[in-house]
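See the structures that follow.
One chain, chain A, appears in both complexes that follow, with chain B as partner in the first and chain C in the second.
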Partner chain A sequence: MPNYSWPPMSTRKAIGQRLSRHDGLEKSTGKAKYNSDLNKPGMLQSALLTSPYAHARVRSIDTSAAEKAPGVTAVRVIATPGTELQWQSQEIAIVAASTEQAARDAVRLIKVDYEVLPHVVKEEDISKVGNRAKPAGEQLTGDPDKAFKEADVVNEGHYGIPVLTHCCLEPHGQVVQWNGDQVNYWPSTQNVSGIGGDLAKNIELPATAIKVHQDHIGGGFGSKFGSDRWGVEGARLSKASGGRPVKTFLDRATELNIAGNRPSAYARIKMGAKKDGTIIAWESTSWATGGMGGGALPPIPYVITNIPNRRLNHSAVATNGGPLRAWRAPNHPQASFLTCAAVEDLAAKLGMDPIEVFVKNIEYAPEARRESYVHQFKKAAELAEWSKRWHRRGDSGSGPVKRGLGVGICSWGGAGHASTCNARINPDGSVDIELGSQDLGTGTRTIIAQVAAETLGLPVNAIKVKLGDNSLPPSNGSGGSTTVGGVSSSTRIATVNALDQLFEKVAASLSTTADKLEAVGGKIQVKGDPAKSLTWAAACRKLGTQSIAAQGQNNPRNPLGLNTQGVAGVQIADVSVDVETGVVKMNRMVAVQDCGLVVNPKLAEGQVTGACIMSICGALMEERVMDGQTGRVLNPDMEFYKLAGAADIGEIIVHMDIREELDKRGVIGLGEPPTVGGVAAIANAVANAIGVRVPIIPLTPDRVLRALEERRSA
Partner chain B sequence: MQAFEYANPTSLKEALGMLSSQWGEADILAGGTDLLSLMKEYIHTPKRVINIKGIKELGGITKTAAGLRIGATATLDELTESAAVRTEYPSLHQAAMGVSSPQIRNMGTVGGDLCQRPRCWYFRQGYGILGQEKGKSLVPDGENRYHAIFPKSQAYFVNASSLAPALIALGAKVKIAGPNGNRELRVEELFVVPSSNAARELALAPNEILTEIVVPSARGVKNATYEVRQKEALDWPLVTASVAIRMKGSSVASAKVVLGHVGPTPVVATAAEQMLTGKSLTQDVATEAGKSALDGAQPLNGNAYKVQLARVAVKRALLEAAKARG
Partner chain C sequence: MSKHHDELDEKAPPKGGFSRRGFFRGVGVTSGALGSAILGEQEADAAQAAGAKIGPGAVPVSLNINGKVHNINVEPRVTLLDACRNHLDITGAKRVCDRGTCGACTMIANGKVIYSCTVLAVDAQGKQIQTIEGIAAAARPHPLSTAFVNNDGQQCGYCTPGFVMAAKGLLDKNPSPTYDQVKAGLGGNLCRCGTYVGVRKAVLEAAKAMKGAKNA
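Entry: the complex of A and B
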């Protein structure tokens, strides 16, 4: 077997370069086209009728007026009479028409008779959810009752983090054309190779009948894998409209209501420790919702999992809200917040520095990551000027603006997914790399080019990368931070295989054998003897008229040491809180993150920066506001579903933990881990600044002031 | 949105002729930053939309010895760029900068800021201006973190104008043109408490157009606006306080203190104004004035924090004004 392993750090040329993403200019000038930008000849527009109620049954539905409305080509009923609607904005019917306006006007002509049923949409106060809470059964380890008695310090707190939504700037949807026995499908997807098969299943066609294409996606964050009801119905509308393409992209309100959310997590947590900070007991009662399916127990205690004595109780609360979908690192941000907040509160009670408490208890973390965490705490503390700026809780000086620091941690897997790559070396010297993968905006195209360039000894811009089409060799969907590991490994293997073929072709002309050749600096040369060489162009000319093609596959069960899983990360937030107004401002966010071999540090830092911004939004602003009376989402917009602007994020310092021993592990995914620790860090920084825990996220002025008020009256 | 007829008059007379005597028939389009979202949500379904940006006499900002004339279609950006506004009316400049989106400042107009409809999420979801279902307001038992702490009868929404508190404090008037000629209102008289779920919150008739705003000279008037906003980027104020103070020596001769985003109309804090008279603008006096300004506040179950925010806003506006020349 050829040697596929990564070249050592010291000899790498293309890998490790801080290149800007290849599509940066296209994206920033608007030249890049997203599928929501498509306007196909003869294309129809569609509009959905969705439920105005959080819980209702469809008694009857009359679409006759809509069918006769001007411009309408097809109407489909999704929720037939008798259907129980379980959340607001659940799909009821869809209309295709010549213009978006005609489709929307027609939707308003559909008459539905609803039987309105009782709903539960709020779960923060679990005493008010009735039988909607489903206890999962107690998890018991050791003897927590005894341990709490032996503890020198016991701290109890309650904490909560609400449902938030993905808020993809490009909403969910697609253009789709079902013409005869073929479907052309332009979705907004994280799953180019797989989404066609998903649609095929739902419209009873063979998977090979679906042609999928997508160049760019405007955000998915875990919510865009399937064809969804609007994809299936869009295809059927197209077929019913004589095979004309039909465009369906959700409007903002529908996007926020039904296209996925991150489940909430609320918990009462009790921790016990010895005077020296050794944690000996954990007890938690938690609950969560992500819609009618409830919400699972987050992995608590997080990272420091193996506290010897623990009792966990969790209830999934079924609420009449849109269903959850994976959101960057499912359940990890919640777990990190619950755990790190409880540890911070315990540390404050112990009179200790929370980093000291984490380090003191690091043996409860998985053995393989302990050293990383300790290293990263140190590095993050240095970058955040922890020793200068951290102070005991509440000890933050006079004046209304208090400054504080807080810490949060992350862990994640991130092994490379199954991926196949075709590499072609052409007689004119050009190189084509093809994968049925997708670039979620993370720079996947650029990274693939860097890997190919490294193998072939070429400049990165000599490599042409083609993604985004399901006619290309399949790669898995981009979920679980698996893409970079998968595509870098398959590309490495494919390019090594292709290069070996080229060596075979040119060895004779260099009076040697293929195994003695190497590709370096745009040349094929005898190893260590630059005098015996051919330029890349000259070597490729020897191919005559025929290109070389070779394939490479990443097999997740045997990734050949090219990729692996398991990362650590530490984030420190530095905030200022105006205790007269409760307004929290970010001064600085420091993120130290490991992800094994980093193919492109600049793009990696970009990923982490974006994740920090999402954490800032999540910690300070984002919240799906439900109305208990009407069951409706009150802020399905970008006005009161608040997100940070540039002026709200402060300084972000990213330090990629690039070290020889971590690099040797291979490539590991990065999409999710840096989104995990930020909320915890910010919440802890606020507690450190103002001297009291603000228990419920987001940390809005009303909650900050309430916490201060409660302390005053306590 | 519902299909509509679009009119593009070039004179005020022509525009007035296109309006209807019934609400809901025709809407006036200036910047459109509010109207378009109302129409998209089918909260407004006008048969006719009348663009008034083509009417020259409605634009522009002019400074005279007597004061400032602001055309209704002058943009918020023009207002913030005006040197006269910045020097003589810092409270107005600060209020306009509180609209922290350059896009909205570029498109949004001064008249539109005054005439925009409330942001109450029950109203925006189609429950009417009073947010009622089956004749009962959804606000008191609902999600009211952004609602009124000075509700009036059944009105719990808050006036959305960023500029109104400053204009009221500065003693500004609006000019209104209608089928029967022109009239003037003090800015505080422009805002009314709607009597029913379908009524309007402006003292304008459906066939009238707000044409200009006249602000008296503020020479010798210390003025400032302080807005508490959660975000730096585009966000609605949680509360605003605007003050205008005439000094006599080192003490206050007369004070205007106006709160925004606390009630269905801007709230003139008379008790604070009286309390300030004769005092120096010290930290303690400013704090005391903040407390007086919130006397009589009736917060709902989810917005008591706004009382605290408004007190602080008054205090900080006063201290800011104290620093200002004038």
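Entry: the complex of A and C
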């Protein structure tokens, strides 16, 4: 078998380069076409009718007036009479028409008679959810009751983190054309190779009948894998409209209500420790919702999982809200916040530095990552000036603005997914790399080109990368931070295989055998004898009229050492809190992150920086607010579903933990892990600054002031 | 903050001097989205001022975009953004919040930065409208577009055209902004991927490059 291993760090030419993203200029000049930008000839627009109620049954529905409305080509009922609607904005009917205005007007003509049913939409107070809480059964390890008796210090706290939405800037949707036995499908998707099969299943066509194409996606964050109701109905509208293409992209309110959310997590946590900071007991009662399916138990205690004595009780709370979807590191930010907040509170009670407490208990973390965490705590502390700026909780001076530091941690898997790459070397010297993958803005195109350039000894701009079409060799959807490992490995294997074929073709002309050749610096040369060489162009000319092509596959069960899983990361937040207004200001975020072999440090740093900013949004602003009375989402818009702006984020320092011993592990995914620890770090920094825990995220001024008030009145 | 900066900081300041950004400064909260639904574009429309009634059906609308006049028939309720995206295939500006919060639809009209989702196409007639497609000279990309690439001021890229236009509006009025002025000048645009660090650097780099070009 050829040697597919990554070249050693010291000899790499293209891998490890801080290159700008390949599709950057296309995006920053507005030329990049997202599928929501498409205007196909004869294209119809559409509009959805969705439920105004959080819980209701459709008694009857009358679409006759809508069908006769000007410009309307087709109306489809989604929620037929008798359908129980379980959340606000659940799809009821959809209309295709010549313009958006005509489609919306027609939707208003649809008459629905609803039987309104009782709803539950709020879960923060579990005593008020009645039978909507489904206990998952107790998890017991060791003897927590005994351990709590033996503990020198016991701390109890309650914590909560609300439901968030993905708020992808490009909403969910598609243009779709069902003409005869073929469907052309232009969705906004994280799953180019797989989404056609999903649509096919739902419209009873063979998967091969669905042609999927997408050049760019305007954000997914875990919410864009399936064809969705609107994809299926869009296709049917097209068929019913004589095969004209139909465009459906959700409006912002519908997007925020039904296109996915990150489940909440609330918990009462009790921890017991010895005086020296050794944690000996954990007890938690937690609950979560992400819609009618409830919400799963986050992986707590997080990272320091193997606390010897622990009792966990969790309930999934079914609420009448849109259903959850994977959201960048499912359940990890919640677990990190719950655990790190409880550890910080325990440390404060012990009078200890929280980093010291984490390090003291690092043996409870998976063995393979312990050294990484200890190293990263040290590095992050150094970058955040922890020894200078950290103080005991609340010991932050007499002025109204209090400064504090807090820490949060992350872990993630990120092994490469199944991916197939086709590498083609052409007689004119050009190189085509083809994968049915997608670039979510993570830089997938660029890193694929870097890997191919590395193998072939070419400049990166000599590589043409083609993604975004399901006629290309399949790659899995981009979820779980699996893409970079998958596509870099399949590209490495495919390019090594293609190069071997080229070596076979040119060996004779260099009076040697293929196994003695190497590709370096734009040449094919005899190893150790650069005088015997052909330029890349001359070598390719020897192919005559025919290109050579080779495939490479990443098999997740046997990734040949090219990719692996398991990363660690540490984040430290530095905040100032005005105790008179309750406003939290970010001074600085420090992130130290490992992801094995880093193909492009510039893009990797961008991922981590972005994740830090997302954490700032999540810690200080974002929250889906439900109205208990009406069952409706109160903030399905971008004024009140708040995201941080350019002036809200302070300084962000990212340190990629690039070390030979980590690099040797191979490529590991990065999209998710750095989103995990930030909320915990910020929440802990606020507690450190003001001397009291603000238990519920986001840390809005009202919550900060309430926590201060409760301490005063206690 | 200087008076000069106050002016360039506004996106289409409504009459009466009450604007979203001014409102933020007033309440001292973050520059995140808040309360713009109560504000919006209130520039008097010439046709309305004259008492002329148009619509509700499609009416002829003439738009001068990037120096080219486009004649289309759209209903009076169609926004400038939707007219561009759905009727003219000018799709660099994006529809994201559709209510004047996020800035993804940012254009420049008569030299003023606007949210094109809060301007009706009929009201945009007679104005010189510039979109991301029209800012580059000849075949060379605008220095801002290049600087966004160099500084990785983008990921998914959906907010990027809006940021570039907001930054252009800033630099047109203030060619040498300070770091804080850049932060404030971009306060009307939101990014979900979290690219602000690169964006802030990109605007400073472009400012330098553009000045250099002028001095050359």
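As a working rule, the second predicted complex is superposed on the first by the 714 of 714 C-alpha atoms of A that agree within 3 Å, B and C clash if a C-alpha of one lies under 4 Å from a C-alpha of the other, contacts with A are read in each partner's own complex, and residues count from 1 in each chain.
Convention: a residue touches a chain if its C-beta (ideal position, glycine included) is under 8 Å from a C-beta of that chain, and two chains touch if they have at least 3 such contacts.
As the structure is a prediction and not an experimental result, all values here were calculated from the model.
In the superposition on chain A, A:L169 makes contact with chain C only, not with chain B. In the superposition on chain A, contact of A:D702 is made with chain B only, not with chain C.
Look at A:K33: by the touch rule set out above, it reaches chain C but stays clear of chain B. When the two complexes are overlaid, the chain among chain B and chain C that reaches more residues of chain A is C. When both complexes are overlaid on chain A, the residue A:G582 reaches chain B alone and has no touch with chain C.
Using the contact criterion defined above for the overlaid structures, shared-chain residue A:P556 touches neither chain B nor chain C, since it reaches no partner. With both structures placed on the common chain, the touch criterion links A:G566 to neither chain B nor chain C.
By the touch criterion defined above, A:G71 reaches neither chain B nor chain C. Contacts of A:T630 after superposition: chain B is touched, whereas chain C is not reached. On chain A, the surface patch touched by chain B in one complex and by chain C in the other comprises residues 101, 581, 583, 620-621, 639-640, 642, 644-648. Chain contact summary for the complex, chain A toward chain B: residues 101, 105, 108, 580-583, 620-621, 625-630, 632, 634-635, 639-640, 642, 644-648, 700-702, 705-706. Note for the complex: chain B touches chain A at residues 1-3, 42, 100, 119, 121-122, 125, 127, 133, 138, 141-143, 145-146, 228-236, 238, 302-303, 305, 308-309, 312. Only residues 28-37, 75, 77-78, 82, 85-86, 89, 91-99, 101-102, 104, 131-133, 136, 141-142, 144-146, 148-150, 152-161, 164, 182-184, 186-200 of chain C touch chain A when the two sit together in their complex.
Looking at the complex, you find that chain A touches chain C at residues 20-21, 23-25, 27-34, 36-37, 39, 45, 99-101, 167-171, 216-219, 221, 251-252, 440-442, 581, 583, 602-603, 605-607, 609-614, 617, 620-621, 637-649, 652.
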